[in-house]
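Every chain is named by a letter (A, B, C, D and E) in the order it is written, and numbering of its residues begins at 1.
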Amino acid sequence: MNLLVLIGAPLLTALAVLVARNKQQVKWISLAGSFLQLGLAIALLLAFRQERAANNTAQMLFEQQYKLFQSLHISFHFGVDGISVAMILLTSFVVVAGVLVSWNVEKMTKEFYFLLLLLGLGAYGFFISLDLFILFFFLEISVIPKYLLIGIWGSGKKEYSANKLALMLMGGSALILVGMLGLYFTAGNSFDIMTLSKATITPETQHILFPLLFVGFGVFTALFPLHTWVPDGHSSAPTAGSMFLAGISMKLGGYGCLRVATYLLPEGAKEYATIIIVLSAIAILYGAFATMMQKDLKYINAYSSVSHVGFSLLGIGMLTQTAITGALMQMVSHGVMTALFFAVIGMIYDRTHTRMVADMGGLMKQMPFISTVFFIVGLCSLGLPGLSGFVAEMTVFVGSWQNADAFHRVATLAAAMSIVVTAVYILRAIGRTVMGPNTNEAHLVLKDANWNEKLAAILLVAGILAIGIAPGWLNDLLRPAAEVIMNRITGQ
Amino acid sequence: MMEPGLYHILFISTALFFTGVLGFLTRRNLITMLMSIELILNSVNLNFIAFNKYIWPGRMDGLFFTLFIIAIAAAEAAVAIAIIINLYRSSQSIDVNNAEDLKY
Amino acid sequence: MNELLTLMKSELVLTGIIFLLLFIKIGKGMKNETLLPLVQVLLLVNFIFGFVLNKEGRLFGDMFYTTSLIAFQKNILNLGVYLISLLCTDWLKKTPHLPEFFLLLLSALLGMFFMISSANLLIFYLSLELASIPVAAMANFDLDKKRSAEGAMKMILSSAFSSGILLFGISLVYGSTGTISLPEIAGRLDGSTLQVLAFIFFFAAFAFKLSIVPFHLWTADVYEGSPIATTAFLSVISKGSVAFIFMTMLYRVFQPLLDTWYPMLVILSIATMVIGNLFALRQQNIKRFLAFSSIAQVGFILVAVSSNDHMGSTAVIYFVLVYIFSNLAAFGVASVIAEQTGKERIDDFKGFYKTNPFLSWILALALFSLAGVPPTAGFFGKLFLLTAGGARAAYWFITVAALNMIISLYYYLRVVRAMFMDKNDTPIEPLKISAPVRLGMIICGAGIILTGLLSWIYDYIHSL
Amino acid sequence: MPNATNIALIPLLPLAGFILLGLFGRKYIKNGAGLIGTALLLGSALLALYTAYDYFFVYGKVDGVYQQFVPLKITWLAFSKELSIDMGLVIDPISVMMLLVVTFVSLMVHIYSLGYMKGEERFPTYYAFLGLFTFSMLGLVLASNIFQMYIFWELVGVSSFLLIGFYYDKPSAVAASKKAFIVTRFADLGFLVGILILSYFSGSFDFQTLIARLTSPESNEVKNAVASTFLGASALTWGAALIFIGGAGKSAMFPLHIWLPDAMEGPTPVSALIHAATMVVAGVYLVARLFPVFSVTTPAVLEIIGWVGAVSAIIAAVIACTQTDIKRVLAYSTMSQIGYMMFALGVSSYGGEAGLGYTASMFHLFTHAMFKALLFLGAGAVIHYVHSNEMKDMGGLRKKLPITHFTFLVACLAIAGVPPFAGFFSKEEILLAAYNSNTAIYWIALITSGLTAFYMFRLYFTIFWNKAQGEHSAAANKHGEGGLVMMLPLVLLAVGAAGAGFIPFGEFVSTDGKALESHFHLSFSLAPVALGLAGILAALWMYAKANDKPARLAASLGGLYKAAYHKFYIDELYLFITKKVLFNLVGRPAAWFDRNIVDGLMNLTGNSTVLVSEGIKKFQSGKVQQYAIFFLGAVVLLAVLFIYVWR
Amino acid sequence: MMNGSTILFYLLAALTVSCGVLSISTRHIFRAAIYLLFSLIGVAGLYFWLAYEFIAAVQIVVYVGGIVVLIIFSIFLTQQAGEKLPRQRLDRKIWATLATFCGFALTLLQVWQHEFPPVIPQAPVTVRGIGEKMMSTEAGGYALPFEIISMLLLAAMVGCIVIALRSKPETK
């Protein structure tokens, strides 16, 4: 399978959107394009499994390389392993759902969809890149669309949030950039991940470069205490924007932390694992407790994202194969789940025009579909078996527990404690909004989800269930890739 | 007192240079600032001539440099004066402290 | 003679155009409406002609030399001038002294050409003056405005002062090395303290022209006061040309003083980035805003300059190319707005997207490019600058530089925010965009996007 | 050999019901939902019956010992070659016994609900949830892997949550469902960590492997586990204790019991199924499942289990005497009875005669499921009739609800331990087991059994005798006892409650699979039976007719009565911990810290940048001479720096 | 020891520097111009003293005859002669003096410390030689700078005309 189609499809869609004549055309083109991407992602998954089944054990499959900026030894090198495939799949799901839930955007529709598709494009490019430079390019490409999406179509203190997001992400990129250049020069003028992974980098250099890269990517994935763009950004963004932000963009960071920082600089990872664990354990618990006090649904999910994404980082910091697999699963799971969560919040907001928990009540009666989905996603968030969150968190726990010393144990316990707190805030939110008596007369006439919203929700619920009920396929994708990373860490 | 030589001339030129600089920094009238520039240029000229004379007499680099600087000084002065006069027409003043609209 | 014609062809063509303009002026004269397209065509021809018949060689007893790299640099400047002639159409049409304006502008450009090609301090100095005195006159071309005169006054006096210091430095260099030929100087510098002092005098003049902090103070005032075409010329063409010769000087001539100028560059680069950014943060006037942002950009250029190798010079040249597209696009939009509405404040841009989507996108694209955000070429430009800076393993230095990109992003986004997000009951009316302006903007827009994505451009520069 | 397909179908049929009704119930099969659900469950129950017969009488016993079979095991999630979560089916005496209990009670509840829940707006949803619960419970019972058990453990928790909150527009129901979920969730955290500890040392999640590795004191695994200690206890003890916490949460053991009385907000059949007969005994089942580990390797934990069970039993019994909501009385009674089962396990040990407690516990579980479900369903019929949960609204109903009255009486006799009803036999065994190993617990149990008889008959007399104190509306009277669908389950369960005691339980269920001889001493039964009768008589004396004796007694007991009435203020304690401590001392500061410190620092960075920018603006003064001074100054400074300082 | 040449040198030096200082310190603008004139003449005298007569002549012609006259004209244009110039702000003066003095001291120190190479006696420069070199395109010739300066003068002229003749009808 030629991976270029993964970039080509969104690019063509975006360009087609630009030349569309009216809003209807824009929407349908986007929808068709996003379904095409979904199809391609599934085809990629199948092709990948086929190759693996045929005993193709190359680390990266479908590799291609085009020379760019030859004098700097940069090349457009791309290929996928299981991690990339999973992330691409996640992206395509979120893109489709994002396009669907934005069906009612009337303000500057064309621009909206264009930017949305551009965001997706950035994510696809990021996940297939095997060259740090190109990877960075795709990482950065999404900053401005995010900014504009929040700033133009957002709500609340949108300008502030948009600025904060753009600046903090830029800060993260700045650190990544420096770390990347450090790698480039210490490893003989190459940005190629495959080359870099074979280069010998002294532990001293690794100790310098690792924090730069990890913190840099960490900003994208809400590493405590650099997470503060998350609540504001997520809550101000339009629905699809939040979905993309939390569902995809935060995963870019996690992927980078693993693929770039940890994989390329294993010595650095070992050196700083303790700090990573401490920070992520704090983020998990503290995020959960902070969520408990939020009154705005979007803030609830945003803070809970901080908490949940902490599991990814915790898994990475634990440096065992299972924990890393769990971290990756958590990324995928959280991506789908949080996208769905934001989608549902958006649907509720579109109808009730409020996101305050206190202003709602008993929505189950008027919107059974939306409420049910809300239930499901809430349960997923609190880690109910059968839904994706459980699988991921348990894998992280089991993996973490394999470190036998007290420090890792305590960190794991702290993280595990969050599942109770999560239950508290999720049930609080659900209990007040979809359950309970109706508190607002105006809400009695509200309608349930439209076809597009239903389709979006069903797709994402299907994703959650597909991971939650039968996690084997995802495990098969991620575990071998995690093993490669672990082998590098343990030096085999 | 000793035989005047390179260092003496260099002293003069340096003194003249910084005299010009000081004038440029402290005079409020634009034309007097321009005059200070002329002093600076002259000190440089003196430098070039002195170096040419005392160290590298075989080549005429310093000499030509001086010649061209004189020409440039003329051109520069002409343009500067034109601008100053223009400014004077706009604001009826050639006090440098009155030309501070553009700031911050 | 044949050699003279080919090696100096850029200068000769330019001189030809200058004299043509002079004759037009002295002769019957021409209406702006007819003259301007003519000039634009001539500049386009000049630009295209810059690509052919490029040879390497030396002339006038090694006073003048040219290489394919220098030819390319000159052509970048040609391109910039051509774009200015397109983008500032609105202002140019109105000015009563169009032929003179172009005469001065092209003279200054000629000066820059000589400056880039100079292999001799005398040529260098003269061409530097040729490149700045006419610009001072150009700065005063809004003849009725006091601000314009004030800007011009500040420019001519400051630049005279700086050239005084430069000359003093040159004289000391001459005194201690006995030559004004650049290649010879390189061989004779021994790093004595007098030479260091001379170099610092010398450097100060460059710093002045490049607006390196703390030699930058004239910049914003002059930019704000000058007519927009002049500002564009100053901020892009002037800066670019000086940056080119600056690198040549440091790499080829003052190489023995590397230990002095490397730390100096680092200090000043950081100061420049920080101060430029901090000032740009709160500017309201778009020209002043762009002035400070261009100061900050120079700070980034210095990062690459400090690399002291081929990678650095390639990165700088590439960046200047990108910068021409980006900054000129911004100036182009500002020019259209200023000329048709008289508004220059960023607050006036609020709600601009509603009424003028094309201009908004161009400006946004330009600002993103200046901020270094992909997929614009500015991203690549900035990245390569920092890459070059990283070659000397000064990680903390490039970290500071990279962090400065955050501040710069903030203020560039401020303009974007005004255009796209802020509400305004009385936004700027839909503006007329004349054909040349539109052409210029499309060229700039294409340049901003394609220069980065077409990676062979960088490789081409590298190969020169 | 067990038939994997048949056994797998037992949980899968209710799951099919859940999916079918959950997806399409609301729109397409609104009326048929109950029948579909019931039919599927009937299939499931029949299969369970068949399986039980097959196991106990056909292939289960090899050489006089009941074997454990794992007819199916699918790797669900592999962490490594050794460590994986499998989905499997385990067939052994207790799982088969539980299959029977769960499917039977569930079937009864399904049938009963056809009448009880008729006309509900969310009727199909209700059946869907019942299906989900039954599926989860059966999955839990059949789990061959401790993680699988945890998974279904959570699923029954959520089903319970959904069903308690079934009347979602009632704030009290919502609050109760949240409370139930969160409290059990908290306990499950212990379970989870316990799993992690045990699996770390045993290197497996699989019950068989795990038990095999952790019960031989000579094995490396046990040695390692014992060697690593934390706060003076070995890792293994910690693991087992934590697992027990999970069980205690689900089984409403003191002090994690607070959710159970509130859970009565759910529909009454649900209380019968989940909060009396099946889910709440999951904790007991868990301990029984891991009994070899508890009894052989961690006797200390087993002792804790015994004490927790005993304390829960008596506290719940005391509280039950004071409650006025009939469902709450039953809830506390449930808690009390589960306490019995728990301490029965606690006083047991592995193998042979000493394993009597284990057998007794399972036996009591079985009989309790019958009579407690019956009690709840009977209470449901009463509530259905009077539209109130409060005892004061009831009285003299024996004429109006004759079948209910009769079955309720059977159940009361059974729970009070009056021979020859089922409760008598199981309770006797428990008391015997306690008597044999722990006298203190025996005395507690004895007192509890007296109290049990008292509060049950207090309930019985207040409802069915006494004088009617409340007005029964005409509408309430109209539907009478609720027809065949509601009465049939009552009768069937009454048969069970009356006759289940005669099952020779020791034959089938014992710690080591060998048949256990029941040593039935008539003399030993004298004390408990007498106490039970005394309790009944006391209730008769106080509650058979309306009078002020209860009030006087309450007054004379004073503080004790008040404390018991207020459930010993445990709820308030929890409320204090959550509201005051967690929310105000942790949550609020965390949120504040985030907004003001972490985010504040970010904003401060931005704001101070702007401030600095404002502060340095005077350098750009517009004065060309000042610029020149800077110019010159910079030159001089650089010169000094590079000539003198860095040279 | 003290011969005429030396005395002449010191006289010229004194004239140059003192007039320079006076030129920047007097508060009469017209006098300032005159002092400047004398200072420039002093420099020309120094050229004579150094035996660069041609340069001295150019100095007199261009500076004295051109620039100073230009300056004096512009003074007449913009100011009533005899009016005293306003005082500069004190802080500016202090800072300026400080910076200048530091610069002066530093430069002087460096210049005096530096060992310039010894003089190699060579034939003096003649006016004819200057003329030949000026037009030469060979090594050591100055044709190119000459061309450049002519362009510069052209441009400066055009610029001056435009700026100085503003708001008048276009003249040829």
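Throughout what follows, a residue touches a chain if its C-beta (ideal position, glycine included) is under 8 Å from a C-beta of that chain, and two chains touch if they have at least 3 such contacts.
For clarity, every value in this text was computed on a predicted model and none was experimentally measured.
Undergrad: How short can a chain-to-chain path be from chain D to chain E, counted in steps between touching chains?
TA: 1
Undergrad: Compute per-chain Cα centres, compare each with the mean of all protein Cα atoms, and return the closest chain.
TA: Per-chain C-alpha centroids ranked by distance to the global centroid put A first.
Undergrad: Can you identify which chains form the pair with the largest number of contacting C-beta pairs?
TA: B-E
Undergrad: Measuring centre to centre with C-alpha atoms, which chain is farthest from chain D?
TA: E
Undergrad: Centroid of chain A to centroid of chain B, CA atoms only: how many Å?
TA: 65
Undergrad: What whole-number Å value describes the gap between the mean CA coordinates of chain B and chain C?
TA: 27
Undergrad: Between chain B and chain D, what's the gap in Å when you average each chain's C-alpha atoms?
TA: Averaging C-alpha atoms per chain gives centres 96 Å apart.
Undergrad: Measuring from the mean C-alpha position of chain A to the mean C-alpha position of chain E, what distance in angstrom results?
TA: 70
Undergrad: Give the residues of chain E that touch two or more other chains, as numbers and ranges in rising order.
TA: Touching at least two other chains: 92, 96, 99-100, 103, 106-107, 110-111, 116-117, 140, 142, 145, 149, 152, 156, 159-160, 163, 166.
Undergrad: Residue numbers in chain D touching 2 or more other chains?
TA: 606, 617, 620, 622, 624-626, 628-629, 632-633, 635, 639, 643
Undergrad: Could you check chain A for residues that touch two or more other chains and list them?
TA: As it turns out, chain A has residues touching two or more other chains at 167.
Undergrad: Which two-chain combinations qualify as touching?
TA: Contact pairs between chains: A-C, A-D, B-C, B-D, B-E, C-D, C-E, D-E.
Undergrad: Okay, in this complex, where on chain B does chain E touch?
TA: Answer in residue numbers: 1-4, 6-12, 14-23, 25-29, 31-32, 34-36, 38-39, 42, 45-46, 49-55, 57-60, 63-64, 66-68, 70-79, 81-86, 88-89, 94-95, 97.
Undergrad: Any idea which chain C residues touch chain B in the complex?
TA: Chain C residues touching chain B: 121-122, 125-126, 129, 133, 136-137, 140, 143-147, 149-154, 156-157, 160-161, 163-164, 167-168, 170-172, 174-175, 178-180, 220-222, 224-225.
Undergrad: What part of chain B is in contact with chain C in the complex they form?
TA: Counting only chain B, the residues touching chain C are 17, 20-21, 24, 30, 33-34, 37, 40-41, 43-44, 47-48, 50-51, 55-56, 59, 61-62, 64-65, 68-69, 72, 75-76, 79-80, 82-84, 86-87, 90-91, 99-103.
Undergrad: Quick one: in the complex, what on chain C touches chain A?
TA: Within the complex, chain C touches chain A at residues 311, 314, 368, 373-375, 379-380, 383-384, 386-387, 390-391, 393, 395, 398-399, 402-403, 405-406, 409-410, 413, 416-417, 420-422, 455, 458-459, 462-463.
Undergrad: Inside the complex, what are the residues of chain D that reach chain E?
TA: Of all residues in chain D, those touching chain E are 625-626, 629, 632-633, 635-636, 639-640, 643.
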